[in-house]
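Next up: the structures, one after another.
The two complexes that follow have subunit A in common; it is paired with subunit B in the first and with subunit C in the second.
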Partner chain A sequence: MIPYLIISPYIIFFLIFIAFPVLFSIFLTFNKWNIISPMQFSGFKNYIRLFQDALFFKSIYNTFIFLAINIPLQIVIALFLAEILNQKIKFRGFFRAAFFLPVVVSGVVVTILWQQLYGFDTGLLNRILVSLGFGRIGWLIDPKLAMPSIAIMATWKNVGLYIVLFLVGFQTVPKQYYEAADLEGASHWQKFFKITMPMINPTIFLVVILSTVGGFSLFIEPYILTGGGPLNSTLSAVLYIYKEGFFYYHMGYASTLGLFFALIIVSVVVIQKKFIEKEV
Partner chain B sequence: MKKTIIYTILIFGAIMFLYPFLLMITASIAPENEISKLTLLPSSISLNSYKQVFSKVPMGRAFINSLIVSSTITLGVLVFGSMVGYALSRLEFKGRNLVFYIIIFTMTLPFQITLIPQYIIMVKLGWVDTYLALIVPYLMNALGIIMFRQYFKAIPQDLIDAARIDGCGELRIIFRILWPNALPALVTVGIITFMGSWNEVLWPLIVIRDQNLMTMPQMVTLFVLGGRSEGQLGLKLASAVSLALPIAIAYMFFQKYFIQSIASTGIKG
Partner chain C sequence: MNLIDNKFFLPKKLLNNRITYFIVLLLILFNFTSCKKKTGVDNRLVYWSSNNIYEIEFAKYVVGEWNKNHPDLPPIKYQPVPEGESSEEIILAAVVGKTTPDIYSNIWQGDVEAYAQAGVLIPLDTLKGFNDFIYQRSDSSVVDEVRSSDGHIYQVPWKINPVMMMYNKKIISNLGLKDAPRTYDEYFKSAKLFQRDANGDGYVDRWIGFSAIKTSWWQRFFDFYPLYLAASNGAPLIKNNKVVFNNKYAIGVFTFLRELYAKNYFPKERLSNRQDVFLSSVIATRFTGPWEIEHANKFKPKGFKFSFSSMPVPDGHKGPVYTYGDPKNIVIFNTSKNPQLAWDFIKFFVSKKNDFKFLKLTSQLPRRKNIERDSLFLEYFNKHPKMKIFAKQSKYIRGTDVSPVLKEVFDMISQEYEASVIYGTKTPEQAINDAAKSVSLLLYNQGK
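Right after this comes the complex of A and B.
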């Protein structure tokens, strides 16, 4: 009896805050409801609307743009800096801590910071460009550039985490491999590409998954910087759910969006897993 | 020669990551006419921006709210996480595997699916605009349970048997015998949970409308977005610094633990 008593708080918690919401969210997809007036059964209307909803597809497209820039950039920079930090250098702790600082700070702070860098007229980046004799760039006001700008900002915020993950990954590579390569006279970067890279595939997979889930969770950055604009080019999955649910109180449709985004996240991660496993 | 290149890259990298923070701090303490220059060396130091932020919105109150919410959540995750982790690793009972699989399942469940129904639950319970809405849905999580389960598995059975012979109940075993032997797990779960809830902003934006109940990230977000900051750069930056400072100070002191904890779980809140 005692084991059940001990886990009972979690079971109650799970039933109320996880199991019931999942089932209720599926139920909501067949209804029209704004919480205040009575719920109306709407059949498959939410699903039909979803498949005709250009904004839904736009937000998925935006997320993929984000990921297409964020993931490669993050992996290349993190691997490069981790490889450098992995050598015998002074002040390693300081550099690691500096790269890691944006990871612990709130996304709200990072976003407010980058707002000052990305500003069109007075932003720091454009001031530098102008002083070097170039024209201004519409980091956040050009629909083609807004999402890439956010992806670069997210890379800056998270790369410290991935540096540390790669540093941990490097420790898992058996030392004998490098010793054998040294006997063959392999250069530093040869060893890196021929031995280290293939051996840390699990870490790369972890980075890809964390970034993917992160990309689909993107919210506060566009919420503060652009509100989803210009021309919905930074409308993220969560921002769209948020607007439908808590702006328009379309609980049924917002649930349908949530369900589909969740399905897409899970499928993308499964596909990535297959793809990366094949690479090994 | 090679060393010089390496240090050049590292120093350049460190500047890239630290410079924006320095800029934010110096601009927030610069006198009004120098703020927009984003200079690293203001001619004098003025706390005017901070005074204005704290007089326009109850930022002190938001700090206390954040502290209450994050501490309660962290305590809850530690207590309940170690209870369930203990049951799963040390007690035999029917359905134990099922419970474990359920917990693994909740880890893979994207939050996008539960966001709307959880809000409706808050409305129906009458918890909107209360601390309960900010705290209760976060009191337990899979990560805490799994970390404690892993950690408790490695603790020798003799220790638990000896405590039983002395007449300890299960809860006493968990909190008096296992906790002192599981400090790394407590630190890891504690840091991740506290940081995660300190930085959480989507959920508060959904369930809190009352200014007196807002946590810091929400307060700062609405302050920056809304008319309160009146587009004044100094005020925006001062509010951002106020939000960053508590975690940044904690990070400075416990940097090693922060990095280890977050790296060992791959989660950044």
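Right after this comes the complex of A and C.
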């Protein structure tokens, strides 16, 4: 009895806030429901609509574009900075804290801050460019640049977390390997690429998985910065699902999109796992 | 460790019984904590207003007066709409939870049809005295506008904030113009004269106007929609669940706005991130409502003068210039314990005397016919000449068409607006045609 009593808060929480919403969401995929009117059974109509919805597939494409820029950028920068912050440099503690700071700042605050930086007319970045004799860049108003701009911002926001993970990963590499490499006359970067990198593969895998899952849930940045524009170039899958669900109240269709998108995320993570495990 | 071996585990039968007792105990506990203790019958009617401070003041006044004058009737309990991301979301949550108030003022006219079709509103025309009242308060065109697709009326037209062209008097005068530009041609000429690179960095930084480039559906209430109503003498977008905006007026408006962006007379930048661009003379005109008057008076620099004019119209336009009125109305929800009493309160709420009080307190126009000529209101308008411009415009305004999917309609127009007007990837004809096709499909699916 007591063990059940102890785990009961979580079980109740799980049943109410996880199991029920998931099951209800699956049930909704077969229904048409706008919350205020009675639910209508619609069979597979939502699924048929999904496969005809060009905008949804564009939003998935946009999300993959974001991931394609964000993940490598994040890993390269985080690895580079972690490697530097792993050395005995001056103010190391300060820099470690400074790089981690954006992680703990609210995503909304960060996004509003970058909105000021990216402004075409009055943004700080364009002012610097103009003062250096370059032209202005339409960071958020050029459809080709808007998603890369968001990816850069997301990298800035999250890279601190991955620096910490890599720093932890570095501590797991046995010192003897470096000592042996020193005896062989290996350079600093040779040791980094030949010893450190292969040895921290599990950390890289963790970072890739975390970045992927985080990237798939891209929402706040486009929601605040661009609203999904220009020309739907920053419409992420989650933003699209949100609009369908909580803006138009197409609860059945939004649930169908959500379920389909969840399957995509699971598939990608499974493929990544297999691929990276092989490498390890 | 095998959990079954745990010393705390008990025989299965006993365990099952205990689990059952435990669940029953939990349910009882939930029941006690979630239910309010009810003592007697609460026959008060609940009224929700918007949470605008001036409207709260007005609501307090009216409810106080009503309760004071009707001690024999169940009292009205007033509260502002609970805090949330938007009042629309709060109302929706209340509808779902069946916790709606008896009366709600400030409902957007475009939302009413969806609620009416869901059966959560009281058809007001079934209440005693409504039909006499509504024709006394409103023109027949307004009554037709608020009539739902099932023939019933679910809302009382209450207040409007017409969208007009605000302009900087000094700039217009410096451009050598006697008055604000009235036609597209005049607007373009003014735009050309005013456009310049003030700081000499090679980029234009003075524009004739500005409209947010975001594709949010409601953004079109400040550019496309009032311009469309102005050009078409108040034509609808949708009629009898059919698209009727695939016409020369809509194409003309898209063409007009597209040229403004193409020639950099309107910036593509988000100017909302900086100091008020109108008050800092970065732009010369703005499409906005009477709420700007108080803001401008409060923050304008010394010597700054502004006024309002009707929306620009196509060259050769004949007849009055319509615009979007942004109407907000009053409804009674079907959770009301006493709809007739709620209706009697609403009649008092929108009486002439209270409409006048509302105007004075909030600087928002009651949607009442001939308001600009009524002697009670005239004194106020003479003291507030800018509001008089809006009062005169109030005769020529439109609200929204009757459709439960109006937000989606405006969103679809907005998508095409962005493609054609802002980025020029489609011709205005193509864009309007594509919008019409998407909306037709939406209305068809909705009607099924």
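The rule is short, and it goes like this: the second predicted complex is superposed on the first by the 280 of 280 C-alpha atoms of A that agree within 3 Å, B and C clash if a C-alpha of one lies under 4 Å from a C-alpha of the other, contacts with A are read in each partner's own complex, and residues count from 1 in each chain.
By definition in this document, contacts are C-beta pairs under 8 Å (C-beta built on N, C-alpha and C of every residue); 3 or more make two chains touch, one makes a residue touch a chain.
Everything quoted here is computed from the prediction, not taken from an experiment.
With both structures placed on the common chain, the touch criterion links A:3 to subunit B and to subunit C. Of the two partner chains, subunit B is the only one that A:242 touches; subunit C does not reach it. Contact with subunit B, but none with subunit C, is seen for A:261 once the two complexes are overlaid on the shared chain. Contacts of A:35 after superposition on the shared chain: both subunit B and subunit C are touched. Shared-chain residue A:228: touches subunit C; no touch with subunit B. In the superposed model, A:16 makes contact with subunit B only, not with subunit C.
Between subunit B and subunit C, more residues of subunit A are touched by B. Judged by the touch definition given at the top, the superposed model places A:47 against neither subunit B nor subunit C.
When the two complexes are overlaid on their common chain A, residue A:103 makes contact with subunit B while staying clear of subunit C. By the document's definition of touching, both partners, subunit B and subunit C, reach A:122. Within subunit A, the residues touched by subunit B in the first complex and by subunit C in the second are 2-4, 35, 115-116, 122.
Those residues of subunit A whose C-beta lies close enough to touch subunit C in the complex are 1-5, 8, 12, 34-37, 115-116, 119-122, 130, 136, 138, 140-141, 143, 227-232, 247-249.
Residues 3, 6, 8-10, 15, 18-19, 22, 26, 92, 95-96, 114-115, 117-118, 120, 201-203, 205, 213-216, 267-271, 273-274, 405, 407-408, 411, 415, 418-419, 422-423, 425 of subunit C are the ones that touch subunit A when the two sit in their complex. Residue ranges of subunit A in contact with subunit B, taken from their complex: 2-4, 6-7, 9-11, 13-14, 16-18, 20-22, 24-25, 28, 35, 81, 84-85, 87, 89, 93-109, 112-117, 122, 124, 156, 158, 160-161, 164-165, 167-168, 206, 210, 213, 216-217, 219-220, 223-224, 237-238, 241-242, 245-246, 251, 254-255, 257-259, 261-262, 265-266.
The part of subunit B that touches subunit A in the complex is made up of residues 3, 6-7, 9-10, 13-14, 16-18, 20-21, 23-24, 27, 36, 38, 80, 83-84, 86-88, 91-93, 96, 99, 102, 106, 108-121, 123, 136-137, 139-140, 145, 170-171, 195, 198-199, 201-202, 205-206, 217, 220-221, 224-225, 233, 236-237, 239-241, 243-244, 247-248, 251, 255, 258-259, 262-263, 266, 268.
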